[in-house]
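Presented below is the structure to which this report refers.
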Amino acid sequence: MSNSASDPTDLIDTTNLAQALEKFATDRNWSQFHSPKNLVMALTGEVGELSEIFQWMSEADSMKAGQNPATAQDVKDELADVLLYLVRLASVLNVDLNEAVTQKIKANEQKYPVANSLGVSTKYNKK
Amino acid sequence: MSNSASDPTDLIDTTNLAQALEKFATDRNWSQFHSPKNLVMALTGEVGELSEIFQWMSEADSMKAGQNPATAQDVKDELADVLLYLVRLASVLNVDLNEAVTQKIKANEQKYPVANSLGVSTKYNKK
Amino acid sequence: MSNSASDPTDLIDTTNLAQALEKFATDRNWSQFHSPKNLVMALTGEVGELSEIFQWMSEADSMKAGQNPATAQDVKDELADVLLYLVRLASVLNVDLNEAVTQKIKANEQKYPVANSLGVSTKYNKK
Amino acid sequence: MSNSASDPTDLIDTTNLAQALEKFATDRNWSQFHSPKNLVMALTGEVGELSEIFQWMSEADSMKAGQNPATAQDVKDELADVLLYLVRLASVLNVDLNEAVTQKIKANEQKYPVANSLGVSTKYNKK
């Protein structure tokens, strides 16, 4: 985790959030529970809750779920929960998320060249 | 998604990453596959891959998984994949992730007051 | 886990599978890794792989995925993997799956009376 | 799904449960929601709830979670929910679960020969 000022070319800056979560856990003496193994399970729980919002929804309705008053707050809350645990997990693992996504996007650009990938979802499915 | 310059008090800034993912999808004509419903399933797949790294690991070993040469690159890659789909999902749902986590942390501070929560993991488990 | 003969009114009989998995683990000295916590993570990994098969598929195409030659074997394999870990997990937790699902179906019948639930998926979403 | 009497050499018999779930869905006109894609998401939600039970628990405590009065009923309920959706999913996909697990165990016996696998959890992690 860098403490330096954010670089405007960074893809993502999670510095303040990571610090807020560290303080939140330390204030409550919760760091003892935050092993990466435990946090991956907590992340799984939150992705499960996100999935429950969408499970019986058509794809078309899912496009509107962020604005639909019946689901908007739940969607926002569950996206937040997933993000909180993901950033906390990266912190305790000492992984720089900006570096990780920057590398990954470069790798994906080589793995899925535009010419071969145009509109072909099946490219996604094979590793 | 705001296009404005990052506010230094923001907890997280995903603007550049969201734009990079939008371009990546548009270039490949993949936006057609990126319904929220589909992206939640893709997120589930990546969390599953993250879980596989840690499934037989002790909690103690999981603390070192981000630096252990046997797992460091896999950990980084899977954290990146989860983050990519999460940010893409927030984009297509038109949810502002910084606002979402800011609200959520405030709610968590009220839900788990320091005095009542000190070292008590069970507070986590009950909704 | 009962060793008695299967009762024809049982909803499910996992006795032979549970025994086969116990032998498989014991033969390889793998029982040491099979804590419930670890097995839940392994189950998560397999559900993630199942999800990857369906993530870019329309609902209509998903109806045919068990017969479609492009996906049939993967579908079968991943369903099997989920089931293997689920039955193994129940064994190490000493939970009788037949009793658990019998109770659960009775509870669901009371929670979702036919008259109030007809064609209403939203009943599912609220706990 | 076979309607024939259970073969005593079957590893698993889900016939009665599959029929009960079919009736449950038909009675409520819920089959319309039970596409495989939707059911995989519902399965994900239940695995998330199972994961939440174990997320802050040590491996040692997880061994007792099926008998511990604080968690026993939740464990039973969530195992049941996962199994219900899994069996329902196999039904709508027209996959024979007994055949699937029988094949899979044979494949695993060849993939992980006893001599090479003794006590080595890392064999699990590499595909």
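Labels for the chains are A, B, C and D, by order of writing; each one numbers its residues from 1.
To be clear about the criterion, a contact is a pair of C-beta atoms (placed from the backbone, for glycine too) under 8 Å apart; a residue touches a chain by one contact, two chains touch by 3 or more.
Only a predicted model underlies this, so the values are computations on that prediction, with no experimental measurement involved.
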Label-sorted list of chains bordering both subunit A and subunit D is B, C
Could you check if the interface between copies subunit A and subunit C is built from the same residues on both sides, meaning over half shared, or from different ones?
same
Rounded to a multiple of 5 degrees, the Cα superposition angle from subunit A to subunit B is 180
Taking the mean of the C-alpha atoms as each chain's centre, how many Å separate subunit A from subunit B?
2
For subunit B paired with subunit C, centre-to-centre distance based on mean C-alpha positions, whole Å:
27
Would you please write down the residue numbers of subunit A that are in contact with two or more other chains?
33, 37-38, 40-42, 44, 47, 51-52, 54-56, 58-59, 121, 124
Can the chain contact pattern be summarised as a line, a ring, a star, a complete graph, or none of these (other)?
complete
Within their complex, state which residues of subunit A touch subunit D.
33, 38, 41-42, 44-49, 51-52, 54-56
Provide the residue numbers of subunit B that touch subunit D in the complex, in ascending order.
37, 40-41, 44, 52-53, 55-56, 58-59, 121-122, 124-125
Any idea which subunit D residues touch subunit C in the complex?
6, 8-14, 16-17, 20-21, 24, 27-30, 32-33, 35-38, 40-44, 47, 50-51, 54, 57-60, 62-63, 65-67, 75-77, 79-84, 86-87, 89-90, 92-95, 97, 99-101, 103-105, 108-109, 112, 114, 117-119, 121, 124
